[in-house]
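Below are two complexes that have subunit A in common, paired first with subunit B and then with subunit C.
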Partner chain A sequence: MKKPAYLLLFPGALFLAVFMVVPIATIILSTFANDGSVSLAGYTSFFTDSYTLGILGTTLKISLISTLICILLGYPTAYYISRTSVSRRGIYLALAIFPLLTSAIVRSFSWMVTLGKTGLINTLLLQLHVIDKPLQILYTETSIIIGMVHLFLPLMIISLIGVMENIDGDLMQAAASLGASRFKAFVKVVLPLSIPGLLVGSTLVLVGSLTAYATPQLLGGKKRVLATLLFQNTMTLNDWKAASIIATIMIAITFLLIGVMNALAKKLNPNG
Partner chain B sequence: MKEKHTLLGWITFLVFLFLLGPLVIIIGASFGPDNYLTFPPNGFSLKWYENVFHVEMFWTSFKISMLVALLGIVLSFLLGIPAAYALSRYQFKGKGFFTSFFISPIIIPGIVFGYGLLKYLVITYHIPIFPGVLIGHVVIMIPYVIRVISSSLMNFDYSVEEAAMSLGASRLKTFFVVVLPNIRSGIIAGILLAFLESFNNVDVSVFMTGPGVSTLPISMLNYVEYYFDPTIAAISVLFMLMTAVLIAAIERTLGLRFFTK
Partner chain C sequence: MKKGWTISLAVLLLTGALAGCASKNEASGTDAQGNGKPKELVVSTWGFSEDLLKKNVFEPFEKANNVKIKLEVGNNSDRLNKVRMKAHQVDVIMLAEQFAAQGIEEGLFEKIDRSHIPNIDNLFDVAKAPNGTDYGPAYTVGSSGIIYDKTATSQPVTSYADLWRPEFKGKLSLPDITTTDGAFLVDFASKVGGAQAMDTEKAFGQLKTLGPSVVKFYTKSSDLANMFNQKEVAVATVQNFVLATIKKANPNVEWVTPKEGSYAVRNTMNLVKGTKNKELGEKFIDWWLSEEVQKANALDKVDSPANKNVKLTPQEAEGLTYGADTINNLKTLDWNAVNKNMKTWIDRWNRDVVSN
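Take a look at the complex of A and B:
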């Protein structure tokens, strides 16, 4: 019975190996090669150049803030949704899935319309005489963060709903009947049980926002992040060496974060 | 019980206002008569919808996007269904590894993968752009095929399959006559999800552009670099309509609960 499994897996595995693993491995290896010898010169120049370091810093800052906002907004929302009736839950779920599956470009466009000089926010503030000339919100770090939160908040909500739904409502009632306040029951019952979901959701958002391209490209103006710098190095500057260094750094960050998440998840749940 | 949820209810309301508000705004802006995007619009006009169909770049890239998505679905299903079947049907050494391996294209940053394909396929091996995009899209569709098909196979009772085989049906015939019809709704949902994943993709396609070849999202990116008029809002509304229809179809086949798993 063992052989058919490998035979069935083979075509797909080969395809992924040739067209995904090999290209990426080639890029990673190429960053250590320098005229036939092993060298870290590319990395030294990346980590000593204040321009590239600044972009790395901006990328990390934007991603961390976006992830934090996604946690702060997503957690209470998912908790609320998981406690409503089944039919309402279905509606909320559909409303969260709709933006999730809508093109990232369309979602960035919608923020360009909303935040632009003639957009809703500026029109509203002008008419209310809060400001007397339009604010520059678009093409700043703030607009990238808004776009990132919009991009990843549905993902956070949906991964948390999955976990919170499985928390037995009876457990909460039991805690309450034993005299725990609503808040205490939440802290003692829901919070610990939802940590694994929160961990997975946060990692997805963090990795996603560290590597997202379309949103910072459209909402960031001249502000660069790693993904847009990688694109610029490739398509505009033809600096393949620098592009490969950035690509390798992004892969390394991704695997590091996922490794940390897996290790933490194992620690929290030793049974598996 | 209900009243204690008021604060949470308000947060939820504001979160959905944030998530859906801009999408409503872009719908409004698509009907504006002015040459620039503004909300609220200063009138009502359908001319931007007409314009979407007059921008030649959109038409050519729409056809390419459709072709890539449809060919990509065929290829990713040919590669993915046998793998999904093997992963849910058999116990074997390295099962955990293969499961992660087939899901890994979701985790690899799309922009890094797109760059890798450009450098490896197009620059090093001179593979033309179109097969390059197609290969990239097949890779990113495979995890969706695996996840959706595996999830439908989880509810499949393999003893039915054994019964068919003991009655003399070949392994292959059993698969097509017994297994496949039972996971039909999973296959339909998989097609829809894979289609959306391909049709919306930016990160891989953005590196794969050449004379006369680019996908629709990339044409839209290029268009806004020069014009920021309501044509962009109109085409966005068309995208949202398509997404809504596909989500309704996914709800009817796989059920939206799939996403919370």
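Take a look at the complex of A and C:
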């Protein structure tokens, strides 16, 4: 092995150390400082306060539901795309990624127009006499979830396609030749092999929706999530300590989730 | 395990990218004196009607004084926070009076020399010294009251107490407590609750019952305009300058001066501590208060005039807070008291009103 090869890491590592590790460490350390002594007071009050716990609960609930919906919608789509010819796959992939290319603000505004009381959905339902009064969809948890799914579904699809592409089509035929039905072959062969992709996708969606700010801010109405609470603390209350505590809690949850997902991946990945 | 690391890294990078660091610090404005090059004056302001302000205020001043005006735009709290962090020097800052009161309390502003700003004498009394005579005047006095869609109810809205009508449930929007209008909520809710002055307990008792009626607490007037456009809401408390925008989208919307009276919204101009352009800044403030600028801004509906020499026809005054009678009847709050209570109020607000 050529000895100085690791030196190539140096510029990147230095950049990350200065602009990521140091600031994050500073934020985390500052949350334990309390008039010169070390204290957990900020965290105790966060975790004993029903108001902040409620927001934490809402945040987790929204992220989990968004992730589940992304799996339900993304899995069949990804499977279909991965089975098409290479040239078509490129087109489908580009289409799937498209939502990621528009800004969160533009996307949220189009949802506001669609979900509002005079929006597309309510107008349609009213015209068809399904409802006689507009539904309140905008400014609820539902509208946040819709926005999140729209935002993060591409990540789920990309992660799944990456794994599914590498599942050899002959495996399905082999299973069929051994007498498995198409459904059984899918459950026994494709599903287990695609689990790594599913886990990567879920982690990305879960963490992404946990930390998203613009979507809940614009579509959420009165509903608060951790990211909007953090914003209120910094920008309007100028309370950087409370904001740092929320940030640290978000980082901790993120790592916890990654840890759980990695452990699951280890357990479920047939290749070990 | 290798894959584990890749996933962790990917997630971290993504988190960073989505969190999006939106801080852009422009290079600080140091002036190049003496060699004929224009000086630079950094003005921190809202960014509304920038094109009109450029025409009415900035360009004439730049020409007359060989100066280049650089704008830093954002809402009150964003911009005050930037000054707190001293990222770079701002010369003149325009803030609503309670944010100015915070800045003064924290020692962020320079005292002004009123003899350098003779136009202060031409202002309505209420605008002369909203934060005391050591600090900047108000360059505009707006008002905060109620707007509602006439077609949404058979009974006209005349009082703040009408917001509690059951028919407005799911049709109401209120400003967030942290906005300029937030403290007005506490004041009128105190009165509706039967108190004479601001009373935290009575106010939040009332606001708690109002919370479930609210669709969204807005932090930006543009959000409110959107909600009226989309017919998400039919009634709100708001400052009068937003009326024109909302009326364009929904002509049934009407402004109400509640029988309890509407509130004065004074926007101030102050010099930021450490400015190297103190006299130029004072000159700039004086220019903004001049009859010429005030009239031009009033005609373009940028700001209601604070200069009492500005004369407008009834049409020209439409949508503005205009006239000695109107202005002298506006209610003002004690912002130092408000700012002292704000933290408690925000806490009560979050718990009792928003999550109710």
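Descriptive notes on the structure:
Basically, the second predicted complex is superposed on the first by the 253 of 272 C-alpha atoms of A that agree within 3 Å, B and C clash if a C-alpha of one lies under 4 Å from a C-alpha of the other, contacts with A are read in each partner's own complex, and residues count from 1 in each chain.
Please note the rule applied: contacts are C-beta pairs under 8 Å (C-beta built on N, C-alpha and C of every residue); 3 or more make two chains touch, one makes a residue touch a chain.
Computed from a predicted structure; not experimentally measured.
In the superposed pair of complexes, A:A5 makes contact with subunit B only, with no contact to subunit C. Of the two partner chains placed around the shared chain by superposition, subunit C is the only one that A:A265 touches, whereas subunit B remains out of contact.
Once the two complexes are overlaid on the shared chain, A:T118 sits against subunit B and subunit C alike. Touch criterion met: A:I81 reaches subunit B, while subunit C stays clear of it. Touch criterion not met for A:S202: it reaches neither subunit B nor subunit C. Applying the stated contact rule after C-alpha superposition, one finds that A:K222 touches subunit C and leaves subunit B untouched. Of the two partner chains placed by the overlay, neither subunit B nor subunit C lies in contact with A:T31.
By the touch criterion defined above, A:S143 reaches neither subunit B nor subunit C.
Looking at the shared chain after the overlay, A:T59 reaches neither subunit B nor subunit C.
Between subunit B and subunit C, the partner in contact with more residues of subunit A is B.
The residues of subunit A shared by its contacts with subunit B and with subunit C are 20, 112-113, 116, 118-119, 207, 211, 213, 234-235, 254, 258.
Here subunit A touches subunit C in the complex through residues 20, 51, 54, 112-113, 116-119, 136, 138-139, 155, 196, 199-200, 203-204, 207-208, 211-213, 221-222, 224, 232, 234-238, 254, 258, 261-262, 265-266, 269, going by the rule given at the top.
Contact residues of subunit B toward subunit A in the complex are 4-5, 8-9, 11-12, 15-16, 18-23, 25-26, 29, 36-40, 78-80, 82-83, 85-87, 89-90, 92-93, 95, 98, 101-102, 104-105, 107-113, 115-121, 135-136, 138-139, 142, 171, 196, 199-200, 202-203, 206-207, 217, 220-221, 224, 228, 232-233, 236, 239-240, 243-244, 246-247, 251, 256-257, 259-261.
In the complex of the two chains, the subunit A residues touching subunit B come out as 1-2, 4-6, 8-9, 11-13, 15-16, 19-20, 22-24, 26-27, 73-74, 76-77, 79-81, 83, 90, 92-107, 109-114, 116, 118-120, 123, 149-150, 153-154, 157-159, 161-162, 165, 182, 207, 210-211, 213-214, 217-218, 227, 230-231, 234-235, 240, 243-244, 247, 250-251, 254, 258.
Of all residues in subunit C, only 1, 3-4, 7-8, 10-11, 14-16, 18-20, 77-78, 81, 84, 170, 178, 214-217, 226, 230-232, 343, 346, 350-351, 354-355 touch subunit A in the complex they form.
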